[in-house]
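The following pair of complexes shares a single chain, chain A, combined with chain B in the former and chain C in the latter.
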Partner chain A sequence: MTDFFSNLSITTLGFFAFVLITFGIYYLVPRKAQNLVLLLASLVFCITWNWTFALILVVFSIINYFLALQIDSSQDKARLRWLWTGIVLNVSALLFYKYFDQSQVIFFKALFRLGVTPTQLELSILQPIGISFYVLQAISYLVDIFRKQIAVNRNFLEVSLYLAYFPKLLAGPIERAQNFFDQLRADRVLDNQQLTDSLLKIFVGLSRKIIISDTILQTIPRGVFANPSAYSIMDLVFWWFAFGVMVYNDFAGYTSIARGVSGLFGIQLSPNFEQPFFSTSFLDFWNRWHMSLSNWLRDYIYLPVSRAMLRRNPSGRYLPNLIVPPLVTMLVSGIWHGAAIHFILWGLLNGAVQAWERVQKSRRKSAAPPLTKWAIIGTIFVLLIINVPFKLDIAGALAFWSGLFRWGPFQTFTLATTLKPFFVIALSFYLDVKQLPERDERGLLRLPKATQIFLLAAGLFLLFLATRQQIAAPFIYQEF
Partner chain B sequence: MKSLKITAPFGEIFLRSVLYLLLFCAALELFARTPAAHIFFPRESYGTSHPHFEVQLRRLRDRIAAGEQVDCIFIGNSQVLYGLQPSVVEDAYHEQTGKTIHCQNFGLGGLTPLTAGPLTRVLIKNFHPSLIVFETGVLDYSTSNMEGTDVSIMSSPWMKYQLGVFSVDGWLYEHSNGFRLIFGIDRAIKAIEENDTEIEADGHSTLMGQTETPMEDQLKHFEASLEALQITERHVGGLKKLLSIHSKQVQIIVIETPTHPVFYASKRKVRNLYPDFEKMLVFQTSQAGVPLWLSREALDLPAETWHDLAHLNEDGAVLLSRQLGQFLATVYTPPTSP
Partner chain C sequence: MDQNEIKAKLRKFICNEILNNAEYPLKDDEALITSGLMDSFSLAQVGVFAELEFNVYIPDPELTVDRMNTLDDMSARILEKMQA
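Right after this comes the complex of A and B.
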């Protein structure tokens, strides 16, 4: 039983049992107590991973709650000082837990000298779940108060729940405070339509994660990335594309489940993906991929940098004004993903193509209608190439790129090897195409009833089969 | 409860999907129980990732389903799979005793003594043999071999179910032909991908001639195993569990795996460990009252009878199998003989 409820990842039966219990209590208690139920459930969810994570989250909430009050009650320079104190504290915590070798901290070193071992301190698991995501939410909350875009929230329970809400704790979506607080205060009604939407999101999310993403993960030959020189260009291109589809379905699947579960409690979380494989430009891609992070980066990095640049030279065609903001933004995004050179390279490359696109756009006199099909293919092709450092370190990425310029020996390009990935990639695109009209899972509800029944039955069957022989891999973005 | 406003009818599409799904599963199960299913889908799955286990189980089940009797099952690693030909053993036994026995090879690449005991119990429970021949060599006692095969077999829900650990998957693998068929398709695709060994109806597989891989490279291949050669308590414990099954109803016989002359001569560690290994084997089998055949001493298999450093080719397999048949004639009497 303890194992059943430990490390609750959101594709496990334990998680859904936990949701069901919370759901039952949530709709039994009076309206006023519902937020408290969600907060307690969120802390319990945290404890299933490690009790220290819950403690860290509570401390985090207290600090940010008081910082917000200080910012709100201060004026001018003091206000700015409190904001920077908040930003520095939040970023320091993120850096400490995510990037810092904790065994080098003097306090821990002293403990080691006293005979305490790193294993006893569980240093290796001290990175609290979801910290990368709730730190960004905390910063946005403080900045929004500083900018007077939102009023400070004096309800500690609501602020804590904003940071700790369990459906989004592991990997977002990164919510904006006002949107979340408004929903916490509004009456929440779960009717037939909302229940259908929520269950549909959970079903599509599970399908994306378990049927599509985990299947690709299991079929990708390890050597393709570890030793690309041994493979043909066809192998590399196919498996890299499959890897891209895998990452997309992993994260989009997670987001759908998180949104679906949250919908059961009457709280709508922001969308994170809008069929990114149909993007017609790089900027368009980042408006469709991990949208909650892209929006955060836009509002709290890109726009402030842009404004600062425009203050120096107000020309919209001045080259640094076009180049620097996307480069800085994507560099921050790279560092957020991980403190490794390859993530920085990944960020710079993505920043560079966005900057190039912005320059091209500024030089174009009239907006020529884009050739959509070719624009989509070209965008995805370039993005796949420049996203190699997302997965591989610098040496690995260079080896992979050089592999794309050699014919090489065919290794895996056989029907037996590619049958399953082909099928699930096609399934991923089918889902995307069917979601296009509504821009999310509800697009599937437009299908004829018979098709819906067939898809649901087939999906349930495939989910059952997929969960028999494989253990769900952890969500990729949960690692960040 | 005011905030919950679910009204009937709700979930019509879901209920109809589940209904159709159940009908589909029932149809699949019916089809899987017909002979046609066996023709079109020759592979079955029992939920292991081991390349031989499921084929061997299918071979054994097919023999029993065809009304054949299996008195004797050979278990061990790939040296058993390639090195023991049941038909040759049966003939040699018949020549010596005038009695007929029916043998099946259940060699599984990489099997160690750790899994031999539980596997034997499961085979006895399902197929009721009166003799289990376990072949073991010094290479089985390498700590580097301790996890792979054993984990892939022991983690199978079917094996666990057979050993008394209930799970839905285990139950389905045991009782649902459709379930085994569906995953068998997956196994069949993997088999093409991995270029699986062809296993005959008696569970034996043949290696022809000699490998072209140079001896030096073959030795290198074994280096990790050789470095980790060590007779651990876990290994001995595994062997003891197997030997404890020995009874009047089911006899256990242990035979030592023959060793390539170059392999034995070229590796000091193997030479040094052999006396300890043989001493342990003699001690454990004598304690359990289990007959032991030290084939390395009894046989002098020339280099041309080996396909590679570890495995006998067809000629070597015939030689070893004939000798085994003759040995069995001295220690084993089938409960009912024609």
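Right after this comes the complex of A and C.
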């Protein structure tokens, strides 16, 4: 029983049992107590991973709650000072948990000398779940108050829930404070339409994660990424593309489940994906991929940097105006993703292609960009190549890129190795095409009833098989 | 200054500085962002243009597709800020 409710990842049966219990209590208690139920459930969810994570979240909530009050009640320089105190504290906490080897920190060394062992401190799992995501939310909350875009929230419960809300805790979406607070204050509605939407999102999310992403994960030959020099361009391109589809379905699947579960409580979370494999440009891609992070980066890094530069030189053709903002923004994105040089390279490469695209755009006469299949294929191909350092370290990425110039036969092309990935990649694109009309899972409700029933039955059967085999791998973005 | 004057100045700025085509027949309700004619950098340009030309500040989170997609949207937002 303890194992059943430990480390509640959102594809486990334990998680759905947890959701059902919370759901039951939530709709039994009076409206006024519902937010408290959600907060307590969120802390329990944290405790299933590690009790210290819940404690850290509470401390984070208290600190940011008081920082927000200080910013709101201060003027001029003091106001700015409190904002920067908040930003520095939040970023320092993130850097501490994410990047530093805690065994080397003086405080812990002192504890070790006193006889406390690293195991007792559980240092290996000290990085709190979701910290990368709720730190960004905390910063945006403080900045929005500083900019006087939103009013400070004096309700500690709401501020805590904004950071801790369990459906989005592991890996977002990264919500904006005002939108979330408005929903916490509104009446909760769970009608048939809302229930259908929520269950559909959960079903599609589970299918994307377990049927598509995990299947690809099992079929990728390990040597392709560990030793790419032994493979030809055909192998590398095919399996790298499969890996891209895997990451997409892993994260899009997670987001759909999170949004679906949240919908059951009458709270709508932001979308994170909009068919990114149909992007017609690099800029378009980042408006469709991990949208809540892209929007956060746009509002708190890209636009302020762009506007500051444009105020110095308003020309839209001045090269630094075009190059610096995307480079800075994607560099921050790279650092946020991980404490390794290859993530910085990944960020700079993505910033560079965006800057290149912007320079090209500034030089041509207006015309809507061509919405052709070649624009889509070219964009995805370049993105796949420059995203190699997302997965591999610098040496691995260089070996992989050099493999792209090694012509040769498709060594891994056997029916046994490629049939499953072909099938699930096709399924991924089928889902995307069918989601296009509504831009999310509701597009599938436009299918003929017979097709819907067939997809539901087939999906449930495959999910049942996968659950029996217990093959669900951890979500990739949960690691960030 | 009324909305039509704001619109006229904005149209001239967008056609000259963003679309690089002074002759472009930009309609009031033409989608600029969702059509791909403008992107987030162009929105930053419009934001700074509004500061310099109309002396109003449009916050970054308001420079979005649902609030600034057409000339009508942009001019209405600028007018709203001027009257605030």
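The criterion applied here is as follows: the second predicted complex is superposed on the first by the 473 of 480 C-alpha atoms of A that agree within 3 Å, B and C clash if a C-alpha of one lies under 4 Å from a C-alpha of the other, contacts with A are read in each partner's own complex, and residues count from 1 in each chain.
Note that in this section a residue touches a chain if its C-beta (ideal position, glycine included) is under 8 Å from a C-beta of that chain, and two chains touch if they have at least 3 such contacts.
Every value quoted in this text rests on a predicted model; they were computed, and no experiment measured them.
**Q** Does chain B (first) or chain C (second) touch A:176, or do both, or does neither?
**A** Only chain C is touched by A:176; chain B is not.
**Q** Check whether A:69 is in contact with chain B, with chain C, with both or with neither, and answer first, second, both or neither.
**A** neither
**Q** Output check: A:284 vs chain B and chain C. Expected answer is one of first, second, both, neither. What do you get?
**A** It touches chain C, and chain B stays clear.
**Q** When the two structures are overlaid on chain A, which partner does A:31 contact: first (chain B), second (chain C), both, or neither?
**A** first
**Q** Quick check on the output: what are the common chain A residues between the chain B footprint and the chain C footprint?
**A** After superposing on chain A, no chain A residue contacts both chain B and chain C.
**Q** For the complex, give me every residue of chain A touching chain B.
**A** Of all residues in chain A, those touching chain B are 27-28, 31, 34, 187-192, 195, 199, 266, 414, 416-417, 419-420, 449, 452-454, 456-457, 460-461, 465, 468-469.
**Q** Residue numbers of chain C touching chain A in their complex, please.
**A** For this pair, the touching residues of chain C are 15, 17-21, 24, 35-37, 39-45, 47-49, 51-52, 59-61, 63.
**Q** Within their complex, state which residues of chain B touch chain A.
**A** Listed in rising order, the residues are 1-7, 10, 13-14, 16-18, 20-21, 24-25, 47, 169, 172, 182-183, 186, 189-190, 192-193.
**Q** Please name which positions on chain A make contact with chain C in the complex.
**A** Touch residues, chain A against chain C: 144, 147, 149, 176, 280-281, 283-284, 298-300, 302-304, 306-307, 310-311, 314-316, 321-322, 325, 358, 361-366, 368-369.
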